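Each structure below is given as structure tokens.
What follows is a pair of complexes built around chain A, which joins chain B in one and chain C in the other.
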Partner chain A sequence: MSVSNAMAAPSDDAPVVEAPKKARRRRYDAKEVGLAVLFLLPSLAVFSIFFYLPFARLLSWGTYESVRGGSSYNQVGIDQYQEVLGGGEFRAGLWHSLQFVIYTVPAGLILGTLLAVAAHRRLKGIKVFQAIFSSTLASSVAVSSVIFFFLFNPAVGFFEVSWQSDPSWAMFAAALPAIWQNLGLAFVIVLAGLQAVPDEVMEAARLDGYGPLRRLTRITLPLISPVLMFLLVILVIYGFQAFAQIDIITKGGPGGATETLVFKIFKQTQDYGKGAVLSVGLFCVTLVVTFFQFAILDRRVHYGDE
Partner chain B sequence: MATSDVNRGAAELAMGQSPARRNAGVAGQYLSLGLLSVLVLGPIGLTVIQALSPPFRYVSAGRPLHPVEVSWQDRTWFTGGPLSVIVRTLIIVALLAWLQKVASGVSWRDKAYLAPSRIVAIVGGTVVVAAAMSSVFQSFFEADGNTALIVAVAMVLVAATQVWGYLSSPKRSPAAAVVMALFTGFGVIAFCIVTMGPTVWTLAWTRYNLGPAMGRSLVMTVCVTVLQVSTATMAAYAFVFLRFPFKRILFALFMATLLLPLEVTLVGNVATIRQLEWTDTMQALVLPFGAAALGTFLIRQGFRGLPPEIRDATRLDGYGHWAFLTKFAVPLTRPVIAAFTVISALSAWNQYLWPRSITESNAFNTLQIQLRLASSSEVANANQAIAAALVAAVPVVLLLIAFQRQIIRGLTAGAVK
Partner chain C sequence: MASVTFDAVSKRYGEVTAVDDLNLSIDDGEFMVLLGPSGCGKTTALRMIAGLEEISDGKLLIGDEVVNDVDPSRRDISMVFQSYALYPHMTVQRNIESPLLVRSYDVDGPGTPTRKLTKAERDERVAEAARVLDLEPYMKRKPAALSGGQRQRVALARAFVGRPKVFLMDEPLSNLDAKLRAQTRIELVELHARVGTTIVYVTHDQVEAMTMATRVAVMSMGKLQQVGTPQEVYSRPVNTFVAQFIGTPPMNCFPGQISADGRGVEVPGGTLPLPAGLQAVPAAGSTVTVGVRPEHLEVSGQGSLGVVVRAVEWLGHECLISASVGDATIVVREPGMSASDAGHDLRLRVDPENVHLFDPSTTLRIG
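Take a look at the complex of A and B:
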């Protein structure tokens, strides 16, 4: 889900389809329309049953308050939205999600760029290093979470630290596997960006007497800035959607210190009313992030000739 | 040139430098790459050590050891049933054959690949590994103190079988062939010791029911991937090659689903599944992922990249839409479809939140959820939970090796135009 959410967004600025000429607009071939319906129906069915219908239900459920843990519901109107979205719990969840994003996103950008710059050169055997750097793609969130759960476990860990049970360190402990797991993705994406930079540009810069550091900051990074922006968007979305790391490593604790928005929603799948409001809150956050990303992308980060 | 660049030994590899400086630069680059590799692979390495803690004790003494006995089985290469013997042998044959291929640069199909020197290396090498590992396992089990010596001898023996094969490649110097043979011997024996010696892998496999869980994950992944690829291909075809009303609105409706990730609709979807009484069923795992806006978008881009003349020409030749789709559109956009197929499979396999939310009995856990169960059940048996996590990663590692190009293309689609 999260992959799909991130992938298409930045490049989805193309016109929808070539508009048919005005004169022919009205004439549709019945057979062709029938075939189109047949082809679109499966997707539309899935989208309406599992995307639009639940969202519509959430919007209305948000106006009902559960009584005695979901045994019955009272209609309270818009009040519940105000109460929950303005309340401390939502704000805490948002802050925890934000913490996770702050831990994982800059680390992913910096380490991904570091690995990609290091491995983007002509050397014998460089393919081996590129394979090693992209290898964390092979681990799932659950695998990486279990690995880091036991590496930093206070009782049997390789490093006996109490991060997982310390409220101020727990979120960092939960973010570590995400940082490690994102290495492969960040590396692959930045490397693709570097490989798209023409060799002549770097050669010209070298002949102009630019040192390696100046080449990196003045030429390479500006040229790959759209790719870095793309990566930033993906990592932010991944960060806001993180769940497995918290479910496996801290289970929301200690004392709710790692209950992110998604974790709170997961806990509320019994109480439809409150869960619905929290979901709508997460939707608004997603929306804000998406608009923010489009606003940045619109400012054309790249210095290309387009 | 060389005089103006006074700094940065490691990163600089300008052409005008003296050979000594260039060599130092190359060494520095390898050193930094090696260091970064250690950082990336570090967690896995430490985790393997943790999983194998007895008889590799924890690095410093005095840590709690695992109460469940994890021993080295009293076995040779040939104990453990015919199936494991065959699998074990085939893995070594494939490994040695692959190494010989990489070293020689000769393709599989080339007749020159089957030179006597390579046959000797593959067959002889496998025989030597089988014989040597029997003694190594025995020695580990008896803990008789000779283990290091036996392992070293085994490595040298395996290396000896490989030298001739490496030497017969035209481009290798004798010194390089010997070094490669030694690395091969070291690597193969170390691989066998870690993966085939300790019982922790099989213990974890049976203790946490990884087999059924993996099967369930596999079925889910295949179903989701087939569904997503076929629905996305059909929808993309309709959006590109068919004329029908409300096209723009429908496409916008497709893309708007990207704003409704599973995390947002979770509460509603869980309620739907409960109302349908579909908890703990395969259709509940699969159907919500039956269509993908991303796939529709990517494949639509691929279809739009086809020259319009192809459609016109095939239409004149009497091909209908269905024939055009199956005989031209799909084959011609195969790279795009393949890339989407692989990332679709990858994300289905890694799915965590949804199976976690709609499975109520542990008997219907997918592999990822089973890992959570393993890690939360008994911290004391950490090594087996860790082993379970490493075993669970193996299928994706194989997928990554087999489809590296497609995965990278799929993941970077949209990043680079």
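Take a look at the complex of A and C:
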């Protein structure tokens, strides 16, 4: 029929031509290379002083073994890496860190997202709620940990429970302030993501017959998936690096039940070599986990330009 | 298919009245264009039909049913948005199919309960929509990989696939280039002729209104000004707003006085004939607003109106001559190349049936 024929304007319907995937490698002359190095120099200098050089030093520290409570060090080479990273202490620390991540990341992400979805509407006074929900982000880790420490204190707490001294609950007690803070971070970032979703798309979904739950799961969440992906990655990293909550609430106890990798590193005041190896271990774990998050989940993330 | 009726419908946002006491009946199968400048309330009126805006006052009917409190998804309407509002994370296929996946339809005839479509029924409808709108090669693509015209057709297909009672369209052509817009106008008219569904179409572009509408409803400042066929609003505008909103360039309006003998209108530079078929001629000497369209002013040596040319714009197939009548500037449309030039005197004539008179105080049409 003519509708279809007339609409097939050649200029408009020409297949979208994709740019060649790999541009031919061009040669750079010495002048260009020199200029590029010059531009890179400031950031290279900063990164070298504050990251690359200390990291190299850390790697080398890992090859020294403490003697007589840290008063002198012997170089033992790569053996110390094998010994520490293959040992039970690293495994225990890694397991506790994982527990902390499992407690804090999904809960913070889900609660923050739900609150953001609830607060993303045009209502009088909604800004007040938005400010309240995001306020957990503005309080420091120490402050939030102290609040939860006293909230759940068996003697003076609002909830008179003894989670902090119960080995099976202690990690959860230490995770609570982190959940509370992650919730605020997730709230702020998801809310910003929601505000970028065009109103007309949500209205179209309403007219198409999507109910509130379907709109959330089929339209909203896929559209903000890049934001959720970003949050997941940084919350996992935060989880592996958490320290103050554990130090304030459980001090690694009871009986080492909440000694995460970071806490174990912190304890190596007598043995810098072992601490360095544990640090390198933590770095590698974080790197590998982040890599897998991207490798596995990124395929399910919708970026607008695909 | 169904009619749509606004019965004294108003929409207020606090102190602001976006739509004021709108009474409008849109017939079953009609292509009704709501036309007006931005902020006139036309989009609000459309969104009230969709159920995306609550109605402050009055009743809205789709068919015989009052739908004021009916959920948008249960009104059996579909809408094409200005931005197309496609789901960016879904393929074209999935975008078109999406209403069929979630809504229930009255497929087994009247009296039977509505139900979800089966996979085979869905595939058939999607395939039909894709064929009619020539989208078959693009079904596996995401919207980002489509051109503006293709996205617009996907939006049309998504609206079309559910076979709704009423199509709503909110400036669907405004993001297309001029050439594609002209094509799509014709295609929309053909699509309407083919499916016969009631279409309510919002635009500020009077060319779209004139070329596609069965009837046009002209709105301004939240109020309905005139409803009629494109020919009616063009040839018998009810007030100076409609007169000047319809037509490019707009109708020339300038002050005049009924002559002493009551047989003409005196304007600076000459006399114009009174409109043909005027039932009650205003009293001699009374002031009126005279309206003449640029295409109805004819350059002629015997013309009754003398003007001084200010500028001549040549557009290829025609010239637009700007000239002064007293303090007012008028535009004359002359086919081909004009012999006039800036500073020249020019005589113009106009047929009586092409002269419009308006009351200067109420702006309403006289006669």
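As a working rule, the second predicted complex is superposed on the first by the 245 of 306 C-alpha atoms of A that agree within 3 Å, B and C clash if a C-alpha of one lies under 4 Å from a C-alpha of the other, contacts with A are read in each partner's own complex, and residues count from 1 in each chain.
One rule holds in what follows: contacts are C-beta pairs under 8 Å (C-beta built on N, C-alpha and C of every residue); 3 or more make two chains touch, one makes a residue touch a chain.
Model, not experiment: these values are computed from the prediction.
Chemist: Could you tell me if A:Ile219 is touching chain B, chain C, both of them or neither one (first, second, both, neither)?
Modeler: It touches chain C, and chain B stays clear.
Chemist: Check whether A:Ile132 is in contact with chain B, with chain C, with both or with neither, and answer first, second, both or neither.
Modeler: After superposing on A, A:Ile132 lies in contact with chain B but is clear of chain C.
Chemist: For A:Glu200, decide between first (touching chain B), second (touching chain C), both and neither.
Modeler: second
Chemist: Does chain B (first) or chain C (second) touch A:Gly275, or do both, or does neither?
Modeler: Touch status of A:Gly275: first partner only.
Chemist: Which partner reaches more residues of chain A, chain B or chain C?
Modeler: B
Chemist: Give one of first, second, both or neither to describe whether A:Asn153 is in contact with chain B, with chain C, with both, or with none.
Modeler: So A:Asn153 only meets chain B here.
Chemist: On the A-aligned overlay, A:Gly209 touches which partner chain: chain B = first, chain C = second, or both, or neither?
Modeler: both
Chemist: Name the residues of chain A shared by its contacts with chain B and its contacts with chain C.
Modeler: On chain A, the residues that contact chain B in one structure and chain C in the other are 1-5, 7-9, 11-12, 16, 206, 209, 211.
Chemist: For the complex, give me every residue of chain B touching chain A.
Modeler: Residue positions touching the partner: 4-5, 7-8, 11-14, 26, 29-30, 32-33, 36-37, 40-41, 43-44, 46-47, 49-50, 58-59, 63-64, 230-232, 234-235, 237-240, 242-245, 247-248, 250-255, 257-272, 287-298, 301, 321, 343, 346-347, 349-354, 356-357, 367-369, 371-372, 374-376, 379-380, 382, 385-386, 388-390, 392-393, 396-397, 399-400, 404, 407-408, 411-417.
Chemist: Within the complex, which stretch of chain A touches chain B?
Modeler: Residues of chain A touching chain B: 1-5, 7-12, 14, 16-17, 20, 28-29, 32-33, 35-40, 42-47, 49-55, 57-58, 61, 114-115, 118-119, 121, 123, 126, 129, 131-151, 153, 155-156, 158, 160, 180, 183, 185, 188-189, 192-193, 195-196, 206, 209, 211-213, 226-227, 230-231, 237, 240-241, 243-244, 247-248, 251, 262, 265-266, 268-269, 272, 275-276, 278-279, 282-283, 286-287, 290.
Chemist: Touching residues of chain C toward chain A in the complex: what are they?
Modeler: Contact set of chain C toward chain A: 50-52, 72-73, 77-79, 81-83, 85-89, 98-99, 102-103, 131-134, 137, 142, 144-150, 153, 158, 179-180, 183-184, 186-187, 190-191, 194.
Chemist: Sort out for me which residues of chain A touch chain C in the complex.
Modeler: Per the stated touch rule, the residues are 1-9, 11-13, 15-16, 198, 200-201, 203-211, 214, 219, 222-223, 225, 302, 304-306.
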